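Two complexes come next, and they have one chain in common, chain A, joined by chain B in the first and chain C in the second.
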Partner chain A sequence: MRNLTALLFSGGLAFLLMVIAWQFTLGDAPMLIGAAILDNAVKEVGAANLVTSVVLGYRGIDTLGEIAILFTAATATSMVLGSFAMTDEASETEQREDGSILGSSVRLFFPLLLTLGLYIIVHGHLTPGGGFQGGVILAGAFFLPLLAIPGRSINHGGIALVEGFSGAAFILIGLTALFSGQAFLQPLFEHGVIGHLFSAGSLPLLYIAVGLKVGAELSGLLANLAGISSHAAEAEK
Partner chain B sequence: MIWLVALMVFIMLLAAVSMLLVESQVSAVALSAAVSLALSILFVILQAPDVAMTEAVVGSGLSAIILALTLNRIHRFKQTTTAETENDA
Partner chain C sequence: MNSIVLNIALPLLVAFLLPLIHASSRIAARITGPLVLMVMMWSAVIVFKALEYPVSIALGGFLPPVGVSFHLDQLALLMATIIPLLMLLLWPYQYEQNLREQTVLLLLAAASSGLALSGDLFNIYVFYELISVASFGLAAANRQASSFAAAFRYLLISGLGTVLALTGIALIYTQTGTLNLAQLGLLSSRLDNPLGLSAFALILLGIGVKAEIFPLNGWVAEVYSTASTRTSALLAGLVSKLAVLAIVRILVVAYDDSEAGLMLLVFGVLGIIWGEFSAWRAQDLKRMFAYSSIGQLGMILLAFSIPGEAGMFAGIAMMLHHLVVKPALFLLTEKWNHGTDSLRGAARLSPLAAALFVLFALSLIGVPPLPGFWAKMLLMSGLVGMDTSVYYIALAVLMIATVVEAQYLIRIAVTLYSASDRSSELRLASNTGVMSLFAVVLLSALLTLTPLGSKLYHIAAESSNRALYIRTTFNVNPTPVLEHKNATQEASL
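For the complex of A and B:
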C-alpha cells in the first residue's frame, strides 16, 4: 500500500514535470491580476524585485498570516519538545570530542553565512530572495556552531526578545500606515530611485523584520530539536 | 535546455524512487534533500529565482536538518538498516 502510494506520487510528479517540459496548455486562464500587477507594480511600489512588491506591498496581510503560522508551529514544537529531556545515551554522544576540522570550518563559515543571510534580507526589494530565505540562512548560521562545537549553547531569552521585537515591528509598521490614513501595511515613505538600496519605501524595513523573526524562530526551533538549551548548559556548569 | 530539464527530472525521479528502496533512514533524508535541490534548479530554469532560493534553502537545507534531528531524537540516527534496529530491540 505504501509502495503504491509512493508510486502514484512519483508518477504524478513526473507527469507534472513533463507538462512543464513540453509546455502543454491546460486551459486558458485570463490572468488579469497578474497582468495588472506587472503593469503597475514598479510605479506603485517602487521595488525592483516584483515578487517583493507582491509579497509585502499587495499581499502584506498574507505575509503577516504566514509569519503567524510559522510562529504558531515553532511555539508548538518548542512546547512539545522542550519538556522532554534528552536521555543519557543521547547526551553522551553529544559530549563527543570536538573535531578540529569541523570546528575550524564552522568558525570559517559562520561569518560568511551571516553576511550572506543579512545580504539577502537587506537586498530583498532589489534581488531575488528576501526575509524568509535570508532568515533561514541566518538560522542555519546560528545553528552550525551548536552542532559542531560541543558545549556551545544558545540564549533562548535573547532569541525570544529578537523574535518578539521584530514581530511587533512588522505590525507597528502596518499600524503606522493605518493611522496615517492609508490601508493596513500599505507601503510608507517615498519610493526613491528604483534599484537603490534605500528605495521602495518601508518594504526593506518590513523584510528586515521578517528576516530577523524567521531567523530567531528557526534557530530556536532547531536548538530545541537538537536538545540543546540554556538549561542543559547551566546544569553542566 | 530541454535536456537539462530532462536530466533534472531524471535525477529527481531516481532520488525519489531510491528513497523508497534504501534501507537506511539517514540516506532517505539525504535523498529527499537531493530531490529538493534538483527541483530548485528546475525553478531557476523556469525563471523563478525567488522560489528556487526558497526551495534550496528550506527544502534541501532546513527540512533535511529537521528530519535528521528528529531521527536523532527517536534514536534512529544510525547507518544501520531498519531490520537490524528491530533485531536489536
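For the complex of A and C:
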C-alpha cells in the first residue's frame, strides 16, 4: 500500500514537473512589485541597500517570522537533546587546549570575527549583508573556542539573555510604532541622508536585534551539540 | 483594527522572553502562557465584534500590494478566536518540566493566528513554516524512541511539502510578478493555464501535508499514535484546519472559475477512500482516529471544492464540527488501551466516558439530530446542487465512506457496552471535565442550530466573495453588500 502511494506520488510529481518544464519560458517575467519597490524604496524607506528595505521595511513581518522560525528550531532541538544540554558539570572538570597553535589562532581570530560580524550587522542598511549574515559570523566567533578547547563551556545564561532581549527588542520596536498610532513594524524616525551610518530610520536598530538574535541562537545551538558530543566522548571512556 | 497584530506580536514576545521569565520566577512563567492566550482571545473577540465588513490592514504601513497585508473577515477572526481557546483547553498545566513545550505552543499560537489572518502568499508560507517547525518539536516532545522516529519522518515529509509549496509560490511570482492575494485575484487570468494550475497543485500538495492530504499523509498515523494526546488533538483539530483554510483562500481569490477546484475534489475523494478504509482496518484506537481524521479532512476538502457559497458553507460547517469532535475524541481516549478488544464491557464502570464516546462517534458519523448530521447534509446537498457527474461520483464515495465510518465507530461503541466475560477492572480513566465541555459545545450547537446556521452562512457568503476580498484589500468603498461581480474592474490598479 505504502509503495503504491509512493509510486503514485512520484509519478504525479514527475508529470507536474514535466508540465512546468514544457510550459515555462524564461526572461519575460512581469515585474509588478519588483518595479514598484525599485522605484520607491529609496524615497519611502531611505536605506541604501534595497534588499534591506524589503527585508525590514516592506516585509518586516516575514523577517519576524523567520527569526521566530530559527528560535523555534533551536527550542525544538533542545527539547529533543533535552537534559544533556543544560548540564554544565562535566564541562568544568577539564579544560585542555588541543595544541598551542590552535589556541593562539583562536585568540587571534576571536576579536577579528567579532568585529567583522558587528560591522556587517551595523552596515546592513548600507552594504550587502545584514543581521542574518553578521549574526552567523558572530556565532562562528563564539563557537571557535569550543572547537579548539574541548570541554570549555559556553555561558548559557548569557546566551539566553541576549537571545530573549534581542528578539523582544524587534517586537517592541514594532509595537512602539503600533502604539504611537502607526502600523505594526512601521519604520520610525527620520530617514536621514542616504548612505550615512545613521540613516534609514529604525531599520539599523531592527538589524542589530536580528543580528544578536541570530548570533545567540546559533551559538546556543552549536554549544548544545558540542555539549552532547563531549558527553558522548566521556561516556565512551 | 490594527490591534489584531497583537495576536501575533504578543505570543512571540512572550515566547522569546519565557526562558528569562522562568529563570527569575517559576510561578510567573507558569501563568504567563495562559494569560497571553486569554489576552489573544480577548483581542480577537473585540475586533470580531467591532467588525461590520471585512477590513484589510497594512503591516509596516506599506499599502498592499507592495507591503504585506492582513485580511480581517469574520472567518479569519473566528479562527483567531478559536486558536487561543483550544490552546487554553489543551495547555499543559500540570507538568513541571514543560517550559520549552510551553514556548513552542505560544509560537504555534502566534503562527496559527498569522496564517488565519494573512493576505499575502509569501507571508502565508512563512507562518506555515513556523507552524511546521513548532509541530516537529511538539511531535518529539514525548522523548521516546518511537516519537523521535515519528517526528523525524514527519520532518522529512513536511520538508518535502515545504519545498513543493515554495516552488509553487515562486512559479506564481514568475507568472504574475506579485505575491499579494488580492492582486493575484485581479491577475487570475494569468494563472488560468497549465503553468498556473501546476503552481496550485504544488501549493496544494505542499500545504496539504498539514491538512493530511492523500499521498502525503504517511506521518499522520505514526505521529498521532506516538505523540502526546494534546499534540495530536492540536494537530488534528487546529493545524489541519488552518492549512485547509490557507489553501481555500488561495483557491477562492486567485483560482476562481478554474479547474483548481476539481483538483481539490480529486484529492478530497482519494483522502476519503484511503482514510476511511485504513481506519476500518486499524486495530489500534489512536491509529483508527488518525485515519478517520484523514477521511474527515478529505470530506472537508471535498466540501470546499464546491464553488460558491454552498461549498464554503458546507466546508466551514464540517471544519468546525471536526474541530470540536476530533480533539474531544483524542482527549477522551487518552488513557484507553490502544487495542480495541480490551475495551470490552468498560461502559459498566465508566458510564460517563462511554456515553461521551458514543455521542462524539455518532456526531462524527452524522446521525441525526446531532450537528455532524447537519454538516454532512450541507455537504451532500452542495454536491447534489452541482448536478455534474463528477460531483455525483464524489457523493457516492461519500455515502459509502459514511457507512464504513459508521461500521468501525459503532464496533467500538458496541465493544464498550457488551457484556464482559472476565470480571473486568477496566476503568476508562480520563479527565472527563474538559470532554464534557466539548460535549456541551456540541449539544449547544444542536440547540442553536438555526441562528448558528444563518451566522455561518453569512460568514461563508462573505469569505467566498472574491470581489469583496479584492475591494477590501485595495480599500475601494468596502460595503457589507455581497454581490458586486464587476468590482474586479473597479479595483484595477
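One rule holds for everything that comes next: the second predicted complex is superposed on the first by the 184 of 237 C-alpha atoms of A that agree within 3 Å, B and C clash if a C-alpha of one lies under 4 Å from a C-alpha of the other, contacts with A are read in each partner's own complex, and residues count from 1 in each chain.
Just so we're on the same page, contacts are C-beta pairs under 8 Å (C-beta built on N, C-alpha and C of every residue); 3 or more make two chains touch, one makes a residue touch a chain.
The structure displayed is predicted, hence computed values, not measured ones.
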Of the two partner chains, chain B (first) and chain C (second), which one does A:225 touch, if any: first, second, both, or neither? first
Quick one: is A:132 in contact with chain B, with chain C, with both, or with neither? Answer first, second, both or neither. first
Dominant toucher of chain A (residue count), chain B or chain C: C
For A:20, decide between first (touching chain B), second (touching chain C), both and neither. both
Identify the partner contact of A:71: answer first if only chain B is touched, second if only chain C is, both if each is, neither if none is. second
Taking the superposition on A as described, I'd like to know which of chain B and chain C A:140 touches: first, second, both or neither. first
Can you pull the chain A residues that chain B and chain C both touch? 6, 9, 13, 20
Could you pull out which chain C residues touch chain A in their complex? 2-3, 5, 8-9, 12-13, 15-20, 23, 57-62, 65-68, 100-101, 103-104, 107, 110-111, 114, 122-123, 126-127, 129-130, 133-134, 136-137, 140-141, 143, 148, 151, 164, 171, 174-180, 183, 190, 193-195, 198, 201-202, 205, 214-216, 218, 274
Contacts from chain B onto chain A in the complex sit at residues 2, 5-6, 9, 12-13, 16-17, 20, 42, 46, 49-50, 52-54, 57-58, 61-62, 65-66, 69-70, 72-73, 75
So, in the complex, the side of chain A touching chain B is made of residues 3, 6, 9-10, 13-14, 17-18, 20-21, 49, 51, 81, 89-90, 120, 128-130, 132-133, 136-137, 139-140, 143, 218, 221-222, 225-227
Chain C-facing residues of chain A, complex: 2, 5-6, 8-9, 12-13, 16, 19-20, 22-24, 29-34, 36-37, 40, 44, 57-62, 64-66, 68-69, 71-73, 75-76, 78-80, 82, 157, 160-161, 163-165, 167-168, 171-172, 174-175, 177-178, 182-187
